[in-house]
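Going by the order they are written in, the chains are A, B and C; count residues from 1 in each one.
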Amino acid sequence: MLFNPEFQAVILAAGKGSRMPELTAGKPKCLLPVGSKPLIWYPLLKLQQSRFTDVIVVVFENQRAEIQTAIDKTDLKIKVEYFPLPSNEDLGTADTLRLLEEKLKSDVIVMSCDLITDINLNNILDLFRKHNASLCTLFFNPQAQEPIVVPGPKSKHKPERDLVGIDKQTNRLVFLASASDFEFDVSLPKALLRKHTSLNVYSNLIDSHLYIVKNWIIKYLKYDQNISTLKGELLPYIIKKQLAKPQKNTVTNTSIINIQDSNDIFQFAKEVDLDILIRESSTYTDHFGDLKASYHSDPIRCYSYIADTKNFGIRVNTLPAYWYINGKITDIWCDVTNEKELVKIDSKAEIKSNQVDDKCIIWESCKLNEKTSFKNSIIGSNTVVNSFSRVFNSVVMNGVTIKERVALENCIVCDGAVIESGSQLKGCLVGSNHTVPEQSQHCNEVLTKSDQLMEF
Amino acid sequence: MSKKDSDIGQKSDIIQAVIIADSFGNEFLPLSNDVPLMLLHLVNKPLIEYTLEFLSFGGVEEVFLFCCSHVDAIKEYIKNSQNENVIWSQTTKVNIIISESCRSFGDCLRDLDAKGLLRGNFVLCEPGVVSNIKLLPIIKKHIESSAKDKGTAMTLIYQEAGVGQYGRCPREEIVLASNSDNRVLFHKKINYNNERKINFPLEVFLENNCVSIQHNLKDTHIAICSPSVLPLFSDNFDFQTRDDFIKGLLMNEEILGSTVYWHLIKGNQHGGAITNWRMYQALSQELANHWFYPIIPDVKKYSECFGRGAAVGHNCSISESSNISKSIIGNNVTIGRNVTLENAYIMSDVKICNDCIVSNSIVGPKSILRNGCKVTFGSVVGANVELNKESFIENSLVQSKRPEDDYDDVDKLGERAYRLKLVDDDEEEDIVGNKLARRFSRLHLDEDYAKSDDDSLESSDSEDGLSHVHSPVPDDTNMFFSEVIDSLTRGFEDKLQCDNLILEINSSRYAYNVTLKEVNYNVIKAILNLPFQHSSGQQYLPALLRTLEYFSPILKNYIRNNDAMEDCLQAIEDVAASNNELCECIAKVLNWFYDRDHITEEAILLWYDKLDKISRVNARVVPFIKWLQEAEEASSSEESE
Amino acid sequence: MYEKDQMIDIIKLITDIKHGKLSSSYSIAVRAEQSLENLISQGKWNTAQELMNLIKLRLKKIVHLLPQEATTNNIMRHILKIIRDEYDAGFKSKAEGQQTLHHLVTADLDKDATDYSKPLPSLKLALLDHLAEYKVELEASGDNIASQASEHIHSNEVILTVGKSNTVKKFLKFAAKTRKYHVIVVESAPDYQGHAMAASLAKSNIQTIVIPDSAVFAMMSRVNKVIIGTYTVMANGGLRAASGVNSVALAAKHYSVPVMVLVHMYKLSPIHACAYEQDTFNVFASPGDVLPYSSGPVLNKVHIYNPIFDYVPPELVTLFITHQGGNAASYVYRLLSELYHPDDYYL
């Protein structure tokens, strides 16, 4: 490389998918099918359309081959570099970045593999560039949720809520915490309120887990080995540090000081002198109401981009979310993929049925026999559906065999499952490689081999 | 305009307002003894004029003026004004309500409730309000939100003001949290205590999607009240002030079912209230600078003859050689030669004789300041006071009558001038807060108050514990020094590793932002002082040598170059100068340092040259130096061979 | 007591002006004329002197409370002149007929100081008649001025105006009926009244452009005429106009663009006042329009002035357009002598 690119992209695809264990037992979360593509295709496409040419995808060692094949099969042109993590270790998101430290030479955009959105990434990148921010996050307004019936047993899904504090005048992100961190009272430092006198605290924003961080943050991660997750630890720490002031160094002669003392975060966050000079020479000030310099002379600045209410953004990390996005993907396909063509029925599928409605998405190498009927469903690759079966409103993944006279409604069937004839499943989750015996009738259940569920 | 009137007219016939005339505190001593707050002159007009003009300007047609003290004076004044057909008397009818037994704001409102004079929504003004806000749109908005939310009790009116502005009283800073409908969810007055954090209840955030937290508000002390406010006051006897009311309503929302809203005034609308002397000063300046247009002061402004910002009343005679800046002078004032007035507020009928200086102070009506008086630093001279020649008054309150209790002769400044002692009746846990509060209710002397508090707030919030800069800079070295002594004492007693001690010392150094020079100096000083800490009965020198021996790694760490050696020697010299024991054995100490190669000959000799030849230290050191020089010659002569 | 009661109408007038209920000069003029009419018809006075004293009392009150409000004062002065004229006419009609030139020249001024205290029974009726005429004249003056528009505005011209003035609006709209031309409106900070003016002109299908105050000099080279209104015309021909007009007039002078000022007769003031003493000439409004109060501690360090009026020296004005036609600035003194009696200039 002759020069460093402005940004480097990292997609974290080594999540265990612990919030939807039934689906992720046999398949990496990033390869779950959404519409006609695997989940990870969407963030990759977003990066590709934002003119990124390379991306580092962090995967588990043992899932790497599978993921690589799946991505190669798609028509993405972006160059993917796979960074394997040992499968047995439980690494946090920040730990992962720490391991990538040598590869990351410029500012980093960290995404999680489960983000599907129609937002233009350039807006966030511009916000980052405009203020020379240390950190930039993306939040979505909550989508209008229609009540949907989720397959599987009814479970109370308590969404996690974040408290996001943003200064009204300057749009700086000054407070970020999870609502579950507090029991009765939320305490804000008085100094914060004196500095940012007018704040908006939102409690219903959805964090996209898309962060743009400056390079020095990666270096700081290397130094501070205690931080293990991005959202839980690193972000609140950096946001809190905006309030503190760097200590004045008065001494520069002989250093008898220990190395440990000199490296607090402000050593890392040093701004280029020329930038400081330019800022001080200009009359630009980002806030009014006091006599302080622009940005209060803070070397650390965190910003947050709140997407417009019209924008769509969802993180597919829970079962309801997965179910929701599959239902909506055909509607929002154009926005999300920026007018790419949606191939609903793959050319290599063998369809002998004539009752496939136009909301279905059929992947390649399927065999749909006659006298079968499909409504609003997604059928994965290499699936065989035998006659007299009907699949309504369901997601059927790859390599599934559905025998005759099977009725599937509102179900999710994972890879390699076999559903013997005569079964009637409503609102069920069939685990991967599981065989549903003949004539079974199930409603709102999870059908799977018990040893495949994740252990906690 | 008329359509709005009829709209509001349907709900409640005319717009009524309530002015509570007393502030029930001793903020305005000593002037409040003679003059009621309402008749206190603000830029040469009584305060009540401004309030009534504002209300009439806002469209209020009936005003209830609630008086508890000095009732006759107020009554007479109102009658006179009505006879003279002053502007507000055309559109507004003033009713005076008297109640001698009320002791607080809440009592007054309870009394009003009992009398049942108010129907419908009304405007509630706290004492001392001056403003030019257009009330009708705000009242309309209040009615609209009442229609949406049946429990709307009050709409508070706030103005946006930056931190550190004169007009923003530090005692009344509030933090307000509200939702998108402008309903108040959390309201807290930060009374300038030392609390570092503000606690918001979690439900406030979870129940509302977007909570707006404001700390940039200035209270105008005006509120639009629904008819339910007065019964609420009657039901809850512990509501003494408006803040109690708001707090009570917010805490007991489910029980009382009432909500509070707030409104931000925009544009050139401006409002404020005189709650203490500092606000008096700020509002006087704002009034004189036309912030309350169209309510303008009735003065002649001389911007060229005198300094900037001098507003002079009618019938004044001011001699040419006087120097006036940023002051407001009342009617009929005589000012003699060579008088300096800076940031002074002189009320009517005052005579200031030659050569006086009045700065940052207030002189009450009909007072006389004889030649050469100096009234400075936030003093308040009451009415009818006569100060003798050459009196010097600083930061005090002076009244003309002898105070009844608790007074010494020292406080008598003249036949009609007695200094008032401020007795802090109310005990508060943090006395610092009270003092500060009192300080801030006084006149604003200079800006550094605001700035220094800002700085101390800012720097003292990094919770790593590395920066605890509470005290100003010179104390840092002392604190550093004492911490070093602590560390070393502990280290010596517990036999800690010297590396760890070095670490401790370094971290203390960064905490107090101490320079390298001072570090060296203080460390040596600490070590030398150590034997005094815990040795009782032991000889100094052996104890010292043992200490030095133990701490030699530290010494090695800190004394590395010539500068450091110089510092070390300086430390030794200073400690010896104040300390007999060290003085006696200073030679041996120096010898030890020299033997262990901590300090070189050259450094010692250089230091000796600079040493004061007459001191005792010198006497003790001389033999060692001689020995050193001989040894040097010997060694150099050896080498030269 | 009795006199104080009578002042109530004036107090009400002052209150309404202060509270902004009477916003335009025209409405103030009409109201002032109305209250004086009431005073004359219903007031208690017997002789001309008494009536004049009553009016002078009111005049003093207004000057005391609203020093810069000139319209009411001018109307009252004019009515004083009407009274004097009617009085003289009433008495002189009894005296000899023509006054020869010899008579005029040798007349002793001192002796001529007429004693107004002789009761004249027909005075009241004469006054009311005259006042009725005056009222008609007042109401028509706007239209009269506007009717001269066609002489001054020609097709395809670019006219510049500042802020909002009802007189100018009428003028331009009248001309627009027969001509097609462009208007540039200066928005006139800090109250931006130019916006309302431009909206109103655009409704009448006049091509309007709004420019900020800073762009005046740049646009002036393209302007054919500057047509403005004013608050008051001073005795020397200078103007007390809205803030910002002076810069426009200076720019116009630079490019030799004619500046035309539309004045009603009640705007002519006999007082000489100019900009040297801003404390008396000008009224300062709230600094909050210029620098908002939320600006923070910077306000502790600055003095902010927000003047309402601007003084335009008479050299910069090309033409005064009154309901009788156009006049030069140097002719104003003549107009004054027709409107007011010299004894009423200063009180």
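By definition in this document, a contact is a pair of C-beta atoms (placed from the backbone, for glycine too) under 8 Å apart; a residue touches a chain by one contact, two chains touch by 3 or more.
The structure presented is a predicted model; accordingly, all values stated were derived computationally and were not measured.
Under the contact definition stated at the top, the chains bordering both subunit B and subunit C are A. Simply put, of A-B and A-C, more C-beta pairs touch at A-B. Averaged C-alpha coordinates give centres for subunit B and subunit C that are 51 Å from one another. For this pair, subunit A with subunit B, the centres built from the Cα atoms lie 50 Å apart. One simple way to say how far apart two chains are is to compare their mean CA positions; for subunit A and subunit C this gives 71 Å. Touching of two or more other chains is recorded for residues 162-164, 216 of subunit B. Shared interface positions of subunit A, defined as residues touching 2 or more other chains, are 288-291.
Each of the following residues of subunit C touches two or more other chains: 294-298. The residues of subunit A lying in touch with subunit C in their complex are 288-291. Considering their complex, residues 294-298 of subunit C touch subunit A.
Subunit C meets subunit B in the complex at residues 4, 7-8, 11-12, 14-15, 18-21, 65, 279, 283-289, 292-300, 303-304, 306. Against subunit B, in their complex, subunit A makes its touches with residues 161, 163, 165, 168, 179, 182-191, 193-195, 197-204, 243-245, 247-248, 250-251, 253-254, 256-258, 261, 264, 288-291. Subunit B meets subunit A in the complex at residues 162-164, 175, 177, 190, 195-202, 205-206, 208-216, 454, 457-462, 464, 466-467, 502-503, 506-507, 510, 513, 515-516, 557-558, 560-561, 563.
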